Structure formats: structure tokens, C-alpha cells
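Worksheet for the structure shown next.
Chain IDs A, B and C follow the sequence of writing; residue 1 opens each chain.
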Amino acid sequence: MSTLVEIKNLEKHFPVGKTGIFGKHKSLLKAVNNVSFTIKKGENLGLVGESGSGKTTLGRTLIHLIEPTRGEVLFNTGENKIDIAKLRRGELRYQWRNMQMIFQDPYASLNQRMTVRDIIGEPLVANKLASGDELNEKIKNMAVLCGLKTSQLSRYPHAFSGGQRQRIAIARALIMHPQFIVCDEAVSALDVSIQAQILNLLKDLRHELDLTYLFVAHDLSAVAYACDRVAVMYLGRIVEMAVTEELYYKPKHPYTEALMSAIPPDDPEVTMQKLFVQGEQPSPVNPPTGCPFHPRCKFADNSRCVKELPELREVSPEHFAACHYAESLSLKGALQFQVKQRKTTNNKQVEYLNTKRKEIMAKL
Amino acid sequence: MLELIVRRLGTTLVTLFLLSIVAFILIQLPPGDFVDSYAGKKTQGGVVVTQDELDAMRSRLGLDRPVYQQYAIWMGDLFKGDMGFSWEYHRPVKDVIGERLSMTLVLAFATLIFTYLIAIIIGIYSAVRQYSIGDNVATIIGYLGLATPGFLFALILMFLGQKWFGVSVGGLFSLEFQDAPWSFAKLMNLFSHLWVPVVVLGMAGTAFQLRTMRATLLDELNKMYVTSARSGGIPEFKLLMRYPVRMALNPIASTLGWELSKIVSGAPIIGIVLSLPTLGPLYINSLLSQDMYLAGALILIFCFLVIFGTFISDILLMILDPRLRTGKAGVK
Amino acid sequence: MEKTYLMQVKNLQISWHLDKALIPIVCGLNFSLEPGKVLALVGESGCGKSVTSLSLLRLLAKELKIVEGEILFNGADGDKTVDIAKLNPRGREIQEIRGGMASMIFQEPMSSFSPLYTIGHQIMEVIQQHKKNTKEEARATTIKLLQKVGLADPEKAVDRFPGEFSGGMRQRAMIAKALSCDPQLLIADEPTTALDVTIQAQILDLMNEVKAEFGTSIIFISHDLGVVGQIADDVAIMYMGSIVEKGTVKEIFKYPKHPYTMKLLDAIPRLGNLEDRKRLEPIRGSVPTLFSRPKGCAFHDRCDYFMKGLCDESFPGLRKISEDQQVACHLYKEGEE
């Protein structure tokens, strides 16, 4: 697979704390700290991590919704590579056709005063890409593709449920046929039954429209289901990145192991083991020295881990980890914590209910 | 906390200094000066004043000097405690202001206390008993209070007082006490007159603060922390006062300075209508006759009152809200 | 032998009073809780979990009213049963129960403490309300509690303001507050939903410890079945304000009987067999709004087994199909599995 986006040393700092006499901020919060990785064309790359680890900030900086502090984001348009991080407003607006973002809150992200048709079509109208019948046709096609009914197009967003609103937001993001979509917690606010609908929709659209996703979420099971590769963030850095099965089943970073140990098992008869990590993520304003995870890491030593920052490196083919001892540690994966797997609905019950239904219906 | 107060005092002084410059420029702005308006009056009275006389007068008063020098002289005198001389009244400004200042202060603070007491009590009642008859009545009165201009209200009160009780509600004292020395009886007499200007001056502010109090409290009442505290078995009244009400006092306390400034600026017109022995009417006169030092001193006093109000409201906020005191807000 | 219940809810109905109209939110809930057990209420958002839990301590907003039903509570001394549904929500009796015999933990740890008082102050207030403790005694108890729930440096933490705590720390403090008067019943409304998985695991651990150490009965509300599996003994699945299936954790997870429960379990992404990741099986349609509650079985417009003339006509009550399992569906008859 070819590379779609190449991120090099990307950083985003926020000034924080009380301002001193000369209006200078006392400290810097490094929300994204020297992050480098690549996103392959056509993949769905997951981004997980605890709250405050910098997932949202990374997603936004990446498509230049917020100004990066430094670093490069090379976007491969097919013809040439463009550094998104350096673009100015005008060029950026042009490039944004290629990259879109879907947000968590389908309530807040839609203009309540516009009809669904206008909401979906707005990017085309604003960029003067279509009008009249052509516009209508495009809107209709995209709406249907996203599971909306054409009869719903003239209604307003408040008349829709959370899941339907998310469909509208997706249709709007896709109307300009972008190549790259950042989904920031796009299914987190939805109920499980609806979440499954949207996850399926995103999956179908990816194949149909040849999309690439950066899928930001904190729900590890949803990410495992949706993504081909996953990156784990901790205190503004990527600490591990690998193909989903590798990362979940054979993690190479103690923090990933800790995350896996925290997922409640599917089976109520499997009791969770004592958590592999204590305490909480420290404040990103003064991160620990050396390895940022060392205060919580049960493998930490008193020398290297405290003093030296482990770089993200390829520890086995296509498997990156930022831990000094990545090769030598033997860590448990999700399956070791989840000994048995819950079966999906047993088909016998479904069959049984179907015959029963027939019986009852016959009597009616 | 002490450090914060000291810092606030510092900024207060700086603001006051800047304001004195603004005040000085403001009173210089209208065309002409005191001498012109003096000449105008004389001419109207049929007296002929020559240009020489006027020039002599200008140089005596210092009006022929450049503006910044005039300001420097004024400031220098101020630091010595000398507020200058009122040309209109032929007396030192200090004497002219004299007792009127204390009356103004009494009126302003009485109004402030009235405003906040009524607004808080009725605001709490209105929020807790939302849509009750009492709440609806308070809301209607509140709207009326906001919509009626103060001077009109003053006129209505004067008219009604005259018609129904045959008493004059103007002034702050009855005739027999006007020039009497201070005594308990005079104080009582003051209070019996004070309520009219207090109500007139405080009406709009009370209505406004009441609405703020009601709205914020309604918001706070629905917050999770209230239900959470209730789930601990705290009795309703205690709960109400300690949790949502205390939170709802914040926006009210933070507008105290602003409220005081509205009272101060509303006072002159109502002062004239109700013929009050306060600074207000004096201030309007001094502006009309371009009595520079008097006007300047009055503007400074008014500004000081407003800044003082803001200062008090900052302190109140710090007492009410530990997040401001400890500076530890927003730590995640 | 008659089982003894700590709490028994009978035909609980709660409505939203909107102008003159009555909109049902909770429709005839029945469940009971044995001492020392954990009962989980599970359902999608808006199905009435929070409304139910608030009603148990009469904490409902003004516009929500209990229109019928009983909430029998056996927590009072001397085996006296009180019907909480009949108490004055602003009266003394309910105030003695709240925070004393029964207490509550909320979903949003960020907003469940007033930012204006220290954590310690807000816990001590509850202690002093229920026990005749001096300030010093209450403070000492508070420090012990904070230590118990695993807050680092409890002596300092007691004087901290909520703004200085992270979400996880606040939830620990909230648990300390809820435990402060040794309640027999703890109602926890999605206590881990707003937390990270790691913190969630820590809080679950803590609640399991509490249950083991004090024998506290817990009503645990959640939409996350994985979490529920780790803490509950019994589970009640709710849909649009009523219980559609009830049973032991094992029965519900392994042998779900109600079509909604079956579908719900299928819709969850799971970690096993990542290699042959299949499509998820979502439930079609979406939860109806309060204003368009379907007639008969509330699930009928989304159900694969919908039987015209039956499901859209009559409401299926809960029926007992085995010792530990009850289902509200026309496909089942009393006593038959």
C-alpha cells in the first residue's frame, strides 16, 4: 500500500498557567510532542489513549484545523506531496476538500437552522462546485449512500435521532469526495445498537469511496473492530503502533498491556485480573523525565527508564514501540485477559423463536 | 489573598490617575471656558465687560496657560489636599462639596443595600417557587421597574405623596430639621425621607439584579451537585443556602461596582427632581457654568466611588469563590 | 421460605408533567434486591435508568412525578418497612434515609461536587448530618474514608477543592461520601461511564471491595454490559421505561431470551477472533421518542419476531420462564422456556 500521509516531528504546544507581568505564560503544555508516523492509503488507522493524551489535538493539527507548532504533514495527492502544516488559509481551504473531520457530538456540529439538504450540500455550494439539478442529484446520492431517506432531506436536524444526525454529518463530510477523514470519537456518544450501524456504515463507505480514516476513539473494542492498524498515545506521544491483531494480542509496550488488562471481559464468568497499572496519567504540563510512562510502569528500572527517553522504533516488522525493553519483555495481550470469548447469539434460540412465532401466528 | 488585595489597590490608584486625566480633558472639551460663560451671564444682565477685563480674569484663574500646566497645577494641589476654588460659588471646592458628600454616600450605600437585599431575597423566592403567583407578580413588577424612567417614577411618587398624605417627599429632611444640628430626631427624620430616593434610585437596579438572581439560581438548582448534596440528606433550606444560592451570588456580586456607577450617574437628575442636598444637582450646575475645579473634583469623586465599588465586588467574589482565592481553578 | 428483601419496587410508574399532559417515562417497574447483592439496570440512553435511580431516593426533578407504585425499603431499624414512594420528598424521613441508610453515586464526577467547598467539607457535612459527631470526629472519619477509597495523601486531600481533582479522584471521593454513614444500599448511576478504561477498572475494583467488605447492596446502573458482568449478580434489561428481561448475569449473558437482549449482545464489538472480523449486527431503526411510544410491546417496530395483531396490541408483562429468569415477550409463556 502506498503512503497517503506522512507525519514528521509534528508538535502542538499550548501556553498554559497564569500570565506573568509581561503577558508571558508560565509553562507550555505539549499536547502533541514530536510525533512521526505514516498513514497508508485505504487503511483505517485507530488512535487510542486515555483522556488528555492528545488524540483530538493530533487529529486537528494533522489537517491543520489548528496551527501546528512545528513539524510536517506530507499529504500525497497522487500527483505531488503537499506539506499541509505549512499551508496558508487560501490553499488550505482548497486542500480541505481532500480531508474532512467528523466530530463526536452530532448535536453541536450541525447548523440547526438549515435543512438536511442544505447542510449536506453546503460544502459544494460554498466552493461553487455544483448547482441546480446536479447539486440535488449529488446530495441525494450521498444521502442514500449514508442510509438516509430522500424524503427526509427537507427536514431540520432537530427532528433526527443521534444516529441519524451522525449519518447527516458523515454525508456532509463525504460530499466533496475527500480521500482522508478524521473521525474524532464519531461513535462514542451513540448507543451500542446505533454505534454498530454507524461502524458498519463507515466500513461500507470506506470500500465504496476508497477512503482512508484516522479513527480516534477511547473504546478499545470498537477500535479493534473497526481498524486495520492502531496507534496508542500517551502524554502527547505515540508509544506503540502496529497491525490491530498484533497490538491487541502481542503488545510490545507496557502501557498497551495495561490498557488491554483494563477492558472488561465479554464473559461475566471471567473475572478481571488485578489491573496492570495503578495511578493516573500525570499532567502533560510537567511530564516525567525519561520514559513518560515510568512512574506507572511495573517494568521500569531506576536508570535508563528515568533518564532516557525511548524513541518510537520498529521492534519487529511493522510493529513500532517506544520502550527500552520492548524486545525482552513478555507482555500479555487482550486474549490472555479475556480467556473465554462470548459466543454470538446462539442460533438455536433464534430458530426456536422462529418456529414459536409461526405457531403463534397460525393461531391468531 | 492579602497579596491580591494589595495588587488590586495598586491598580485602583493607577486607574484613578488615568481617570483624572480623562476627567480633565472632558471638562475642557466644551467650547469656551468659565470666563466666557461668566461674560455671557453678565452681558445678559446688561453689564458691559471689556476684553481686557476678561483677559485679566483668565490670567488670574490660570486659564491662559497651556492645558497640561493647568492639569499639573490641579494635580499638585490635589495631592496637598486642596481641591481648588469654585469660581461660581466663590468658595473652596471642599466647602461647597462638604456635607453634600456625606449625604450622597448615605444615599448611594442605602440604595445599594436596598437593591441587593430585595433582589436576593425575592430572587431566591422567585426561583424556588417558579411560576407561582408570587413569582409572576415579582416578574411583572420587575419589568415595570426596568421600563419606568427614574425621574418619572420620582414625579409620580411626589404627586401621590402630596395628594394622599399631604406631605412633601422631596429633600432628605423636613423643614424644621434642614439647618438643625445633628441629633437622634434628625437622624430619624433622615431615614423617614431617605426611602423615597432610595426606592426611586434603586428600582431599576433591583429589578435587574432580581432577574439575574432568579435566572442564575434556576440554572444552579438543576445542577448535579445540588442533587448530589441532597442525596446526602442535607435538609432543604440549608442545602438551598449553602449550595445553589451561594453559587448564584457570584454574578450579582461581580456587578456591584457597575450597579454603584449606575446609582451615582442616575442620582443627579433624580436629585434635581426630588431636590436632594446631594452632589448630583451640584454636578450638573458646575458642568453648565464650566466651573472647572468643582466639576473636576466631582467627576473624580464619582469615579472613585465606582472604582471603590468594583474593588468591593472583587473582594466579595474572592470571599464567595475559593477558586479565585486559591488561583487553582481549572486544574484537570 | 420467603426471601428477605432490602428493597422491593412494585409497579413503579413515573411520568413527565408537561403542561397538562402526562408523558410516561417509567412504566410499571418491578424488581427486588436482596441484602448483599448487586442488581444491575442496563439499557440504552433514555430508557429511564437515571429517572428510576433518582426516584428511589425521591430525588426526581419537579416536573417528574411518581404516579403509581411502591418502593418498599427495609433498611430502617427494627425491620420496619417504609414505602419511599409515599414519603414527602422534602421531609425529614427521606432526609434521614438519604446519605444514611441509602446513598448514591452519580455519572458525572466533574459536576457532582460543589466547586465552592473542599471535598472534606462536603463529606463531613453528610457525616454530621446523620451522626452526632463533632467536627474533629467527622474530619477523622473523612480522612479514613479517603484513605480507604485509595486517594493518595488523604490528610491533604481532605482540604482540597474539587477543581484540583481529576475525574477518577472525584469519583473516589464521591464513593467515600456515599459510604460515609455505612449505608445498606448504594445506588450507582453509571459511575464509570465518564472515566477512562484504566480508571474504570480501578473504580470497579474499589466497588467490588466495598461489596465484599461491608456487604453493601448495590443497584448498579450502566449501559456497558462488560462492566456489568464484572460486578452484578442479577441483571435487569430495560427498554423504554420497562424491564424486558431479568435474570442472573450468567443467564442473561449466555442464554438471552428476549429478542432485544439477544440483539443488544450481538451489536457490541468484541475482542475475540479479530482475524475474521465480521460485520456487526446492529438493531435496525432507533429507540422511539417519549412522544411516540409504540402501542403494545415497545420494541415491536424493531423486532425480528414481530407478530401483527398481538405485539402491537397488547403489552407483554414480565413472565417467569425459569427459577432465575423472567421475560416480557409474547413469544414466551409463564413457566415454559
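Heads up, the rule we're going with is that contacts are C-beta pairs under 8 Å (C-beta built on N, C-alpha and C of every residue); 3 or more make two chains touch, one makes a residue touch a chain.
Bear in mind the structure is a predicted one, so any value in this text is a computation, not a measurement.
Colleague: Hop distance check: subunit B to subunit C, minimum number of steps through touching chains?
Modeller: 1
Colleague: So, comparing C-alpha centroids, which chain is the farthest one from subunit A?
Modeller: Between subunit A and the rest, the longest centre separation is with B.
Colleague: What is the distance, in whole Å, between the centres of subunit A and subunit B, each centre taken as the mean of its C-alpha atoms?
Modeller: It comes to 57 Å between the two C-alpha centres.
Colleague: Just give me the whole-number Å value for how far the CA centre of subunit A lies from that of subunit C.
Modeller: 30
Colleague: Where in subunit C do residues touch two or more other chains at once?
Modeller: In subunit C, the residues touching two or more other chains are 166.
Colleague: Two or more other chains touching the same residue: where does that happen in subunit B?
Modeller: Residues 332.
Colleague: Please give the residue numbers of subunit C that touch subunit A in the complex, ascending.
Modeller: 44-45, 166-169, 196-202, 204-205, 223-224, 226-230, 232, 249-250, 253-257, 259, 262-275, 277, 279-284, 286-287, 289, 305, 307-310, 330-331
Colleague: In the complex, go through subunit A and note every residue touching subunit C.
Modeller: Where subunit A meets subunit C, its residues are 50-51, 161-164, 191-197, 199-200, 203, 218-222, 224-226, 244-245, 248-249, 258-259, 261-269, 271-272, 274-275, 277-278, 280, 334-335, 338, 341-346, 349-350, 353-354, 356-357, 360-361, 364.
Colleague: Flag every residue of subunit C that touches subunit B in the complex, lowest number first.
Modeller: Checking each residue of subunit C against subunit B gives 54, 57, 59, 61, 90, 92, 95-100, 103-104, 106, 108, 111-118, 122, 125-126, 129-130, 161, 163-164, 166, 174, 177.
Colleague: Show me the residue ranges of subunit B that touch subunit C in the complex, using the header's touch definition.
Modeller: My answer: residues 222-225, 227-236, 242-243, 246-247, 320-323, 326, 328-332.
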